[in-house]
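Take a look at the structures listed below.
Each of the next two complexes has chain A plus one more chain, namely chain B in the first and chain C in the second.
And then the complex of A and B:
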């Protein structure tokens, strides 16, 4: 039976306290905080992080399909999954697809992956959902929206969570949307979208699946469902008839925020982190209809708890000090024109060097074993020519050999910390250090690589690897 | 291999006023330096058989010199080797003379940096500018600061101690530059000022960085046997060194960022040609590449002018001052002159040439005895340098 073999998640390191929003806009105090992607992060990089976490025990070349869900793809036209696949160093012989317009996208991808495996067209499939939605300043969404991602590896072998059934509804009901030219979400009168839409459609789908499986709420150990915000989440628990104290999974709205297409799957990962074998879990997602899944954990759910997933990422955080930093990170203002020439980028170069730039491949000399990055055709140590194998450096642990902190660089977050990373297993990497507290950077501190958007020169999102202090 | 020692003479030199020359074009800089050199040698532009032009950013190449100087249809060659570009002009000119193709040549280096519209150097240049990732976010101070951080750590200097040692270098350079009328920055500074200055790239603050400057310098050269017909006090080339590193410092483990390997290799070549065994004792003056204070520190050690790791002790003892054992950057260095990239190698050579002749501008700067001096520049960044060294001296 098809099921979840592994899970992973990612939450950006920065958190913005909602009281900072209250302070800036002089409004009544709000509690909690939301996860804010660093300035160099977007839906693609969040997805890569969640994917890396999920594929901890899976050889990358064994993944046969990749489905990516988001409502905020960095490119309006151009697939995101192909970039995620490259950063994850997946093989070229891969089916991939983006689900890029619905907040229900995460479970659309899940259902599609399930069907592909059931149909035998792929042995396994990686489902990644990530979102990085920017809310209009001083809008209701601003305190609600958060950034994050989740990933599930589906397969038929070594299943940790069986997918027993799924029920799907599609609805033309319209509640949240953006047109081609809208940067920020639009919505309609609150009572209409809640009472006529969310509170009717989701319960209907849940009811259908429960009836079909002859289940009542007491048969379900944990229910995981999407909600636009905390208030509506509580109301929905009552409508569905589950005990909010014992059965309902915290949807992370208070501590992460509403992560759009990733929201339901992130909450599911949080539920699986606490799950024991033999428990039934109900997953219900909403948006343009509803998807409901009946899941049951197996013994193997205990074996995959070493992921960073939700708990570790939640704990490893840094405060975003001010709203000013936030608007800089999300590019919410127009800035003084830069006097330096704009960054440029050549696609030809990116294509030639794709294995280095996107896959973080260095090379290991077959004659002397020296690891080098970028790839050197002639070994820098023994001068053997064209005698090497490519090695992926992105998963390697390393130490900070030396660093500097540039206060004049044209980047959204100064100082721009340049670093020399020496990997424990050989190889050196020169790159920017991100997700760092400048006061705590020290030579020899443990660091790891993370996939980020380096800059947007020539209208291209130029993704590349940066280092960061080992997150958790 | 034969040594180049004493085969070629410099019979005239010129150097522009260095600074933010808002009203001066690249062509004006070329004319200013070349005509001082012509006058110094007692020649006219029509006497020149060929010219070598060092410039880093200029795209019109030889034309930027041939046109303003009206070197009508003479062979003019543009050379470029990053921050060692000025030395390349001198080297090319020498080899032209020694091949006996030409008898009297001009070597000139210049750079016009202050049309950029911002107060620093651009980051990536040329083809590198199109690379999607390699150069992004990097800067010259950011790259050199990697070496400072590591040097502090390796030699057990606390952040404050390390900053203070670097500050002493800048204070010395400003002290020297303040008395040099051709320098760009002519103000004495204090250690406290250096320490309190705005940060550029930690640990390098504003006063750890050289200026960004317009300037040019030129030399008229001939074979040594012809030199006396121009002047008595000519100087001769004693040796060249040029080392392009393999550039693996950031590519594979091993390089430790506290040593300039390329400088070590380049000066070894030049010392051998010049017959120098103990540079600290035999050299009378050294003009070295101090684009940043840490660059001067490590270059001093890498040129074997100071024992490795011993810089703090030596500078505290005044070793590198005008009256010290081995004066370094007596001109004020790149710190005071800025670094118009193509010009610096020629500009440093100009300082040594004048010191040997006893004609340092401002008598307070003149060394009592100066017979042999070394000019040093390195281009690129720690882990990937090309280094050029020129030694000149009394015949």
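And then the complex of A and C:
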């Protein structure tokens, strides 16, 4: 039976306290905080992080399919999954697809992956959902939206969570949307979209699946369901008839925010982190209809709990000190230093060097074992010529060898920390240090690589690897 | 100690920011000083080597226009570039041209006009001297590059920012006396320590500034030198070396490998050692660069450079006077002109014509000129 073999998740390191929004807009106090992507993060980089976490024990060349869900793909035209696949160093012989217009995208991808495996067209499939939606300043979405991602590896062997059944509904109901030219979300009157849409469609789908499987709420150990915000989440728990205190999974709205297409899967990962073998879990997602899944954990659910997933990422955080930083990170303003000659990015270079740029491949000398980056045809140590193999450096841990903090660089977050990293297993790497507290950087601190948007130039998002202090 | 190629003339312009002269006019001014008092006609110069870093002004292939303006047509001219050490490389080329017998008199003209573009653009072009595929797109700048060396030196040897500041204090004390320097204010250690951060641990006064300027060195064969100049200064040793441009492939971060290798070659060729040097001009684009030069050139053992400045051994009267014209830190750094200016200062010292103080009885001098973040190392040893 097809099921979840592994899971992973990612939450950006920065959190914005909602009280800061209340302060800036002089409005009544709000509680909690939301996760905010760093200035160099977007839905693709969040997805890569979740994917890396999920593929912890899986050789990358064994993944046969990749499905990516988001409502905010960095490119309107140009597949995101292909970039995620490259950063994850997946093989070229891969089926990939984006699910890019619905907040229900995460479970659409899950259902599609499940069907592909059941149909025998692929042995496994990686489902990644990540979202990075920017809300209009001072809108009701501003305090609600958060950034994050989740990943599930599906397969037939070593299943940790069995997928017993799924039920799907499609509805043309409009509640949240953006047109081609809209930057920010639109919505309709609250009572209408809630009472006519969310509170009718989701319960109907849940009811159908429960009836079909002859289940009542007490048969379900934990229910995970999507909600636009905390208030509607509480109301839905009552409508569905589950005990909010013992059965309902915290959807992370208070501490992360509504992560759009990633929301339901992130909450599912949070539930699986606490799950014991033999428990039934109900997953219900909403948006343009509803998807409901009946899941059951196996003994193997205990074996995959060493992921960073939700808990560790939640704990490892840094405060975004001000709303000013937030609008700069989310590019909600033009800033002085940005007005300069546009960078001329060359696609020829990007294509030629793709193994180094996106896959973080260095080379390892077959004669003496020396690792170098960028790839050199002649070994810097033993001078052997053309005698090397490419090795993936993105998963390597290293130490900060030396660094400087440039206060005059043209970047959204000063200082720009230039760093030279020595990998523990050999190889030296020059890059920028991100997700860092300038006061706490020191030589020899442990660092790891993370896939980021290095800069935008000539209408191209230039992704590359940066280092960061080991997150958790 | 072979005396086969000599410097017969040396000149430079005032180094300044935003001066009103064109590149050709700057070059002419430096050329005129170099020719001053020589028994040499322009037409007797067999070739000219024009040196600068490209892209700072609009002129491509500047050798032709400059040779024309200096009245060096129809003799051959060509362009040589190793960023900040371009004119030292030019001197090496001229040495080879003369030694080979191809020419007997060669003019090396170094220039840079950095005020034609904004400081930000200049920083970006400078950054492109690093690896444009794997480094400069991330915003790496020269100060940030050297700051990584500073950080590594501090971690390895406990070097303090105050010790770097003392280098600026020394150089500014000589810069105050140098009529051709951009910055003529004598600074205190406190001034340096309180200056704004550029890229930690380097502050504004740890860094040299862009400038406009030109320099000119005229070299001649042994036979011609005695006829042309009263006091020829001999080129005793020329060392040049390269280190990986790619920061990740550099092994040493507490010194410059290319400087160490260039120094080894130059000492060997001249048949002298660090203890024989009476006066030195080193490439102090940043205070840390001068500190590392002390160690790379053998004036101090590794890690002991800071003591040299603490004990004021690099002032006139100390063990080894360094940058007694104010260095790049005071003079400013018109990239292509810098090496020629350093050579001019040492030539003046060896002739006993020091302008900012004189090292009494100086017989052997050394010039250390670096291109990029430790990419091109050039060490030249001169003697009376």
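In the analysis below, the second predicted complex is superposed on the first by the 468 of 472 C-alpha atoms of A that agree within 3 Å, B and C clash if a C-alpha of one lies under 4 Å from a C-alpha of the other, contacts with A are read in each partner's own complex, and residues count from 1 in each chain.
We take it that a contact is a pair of C-beta atoms (placed from the backbone, for glycine too) under 8 Å apart; a residue touches a chain by one contact, two chains touch by 3 or more.
For clarity, every value in this text was computed on a predicted model and none was experimentally measured.
Taken together through their common chain A, the two structures put chain B and chain C in a clash. When the two structures are aligned on the shared chain, A:443 is found in touch with chain B and with chain C. In the superposed pair of complexes, A:426 makes contact with chain B only, with no contact to chain C. Contacts of A:408 after superposition on the shared chain: both chain B and chain C are touched. In the superposition on chain A, no contact is made by A:367 with either chain B or chain C. Touch criterion met: A:460 reaches chain B, while chain C stays clear of it. Chain A residues 340-341, 343, 349, 353, 372-374, 376, 380, 401-409, 411, 415-416, 418, 420, 427-428, 430, 432, 443, 454-455, 462, 464 lie at the interface with chain B in one structure and with chain C in the other. Chain C meets chain A in the complex at residues 120-121, 123, 131, 133-135, 137-141, 143-152, 155, 196-202, 244, 246-249, 253.
Against chain A, the residues of chain B that register as touching in their complex are 116-118, 120, 122-123, 129-134, 136-139, 141-150, 153, 198-204, 246, 248, 250-253, 257, 383. Those residues of chain A whose C-beta lies close enough to touch chain B in the complex are 339-341, 343-346, 349-350, 353, 357, 370-374, 376, 380-381, 401-409, 411, 415-416, 418, 420, 422, 426-428, 430, 432, 443, 454-455, 457, 460, 462, 464. Residues 340-341, 343, 349, 353, 356, 372-374, 376, 380, 401-411, 415-416, 418-420, 427-432, 443, 454-455, 462, 464 of chain A are the ones that touch chain C when the two sit in their complex.
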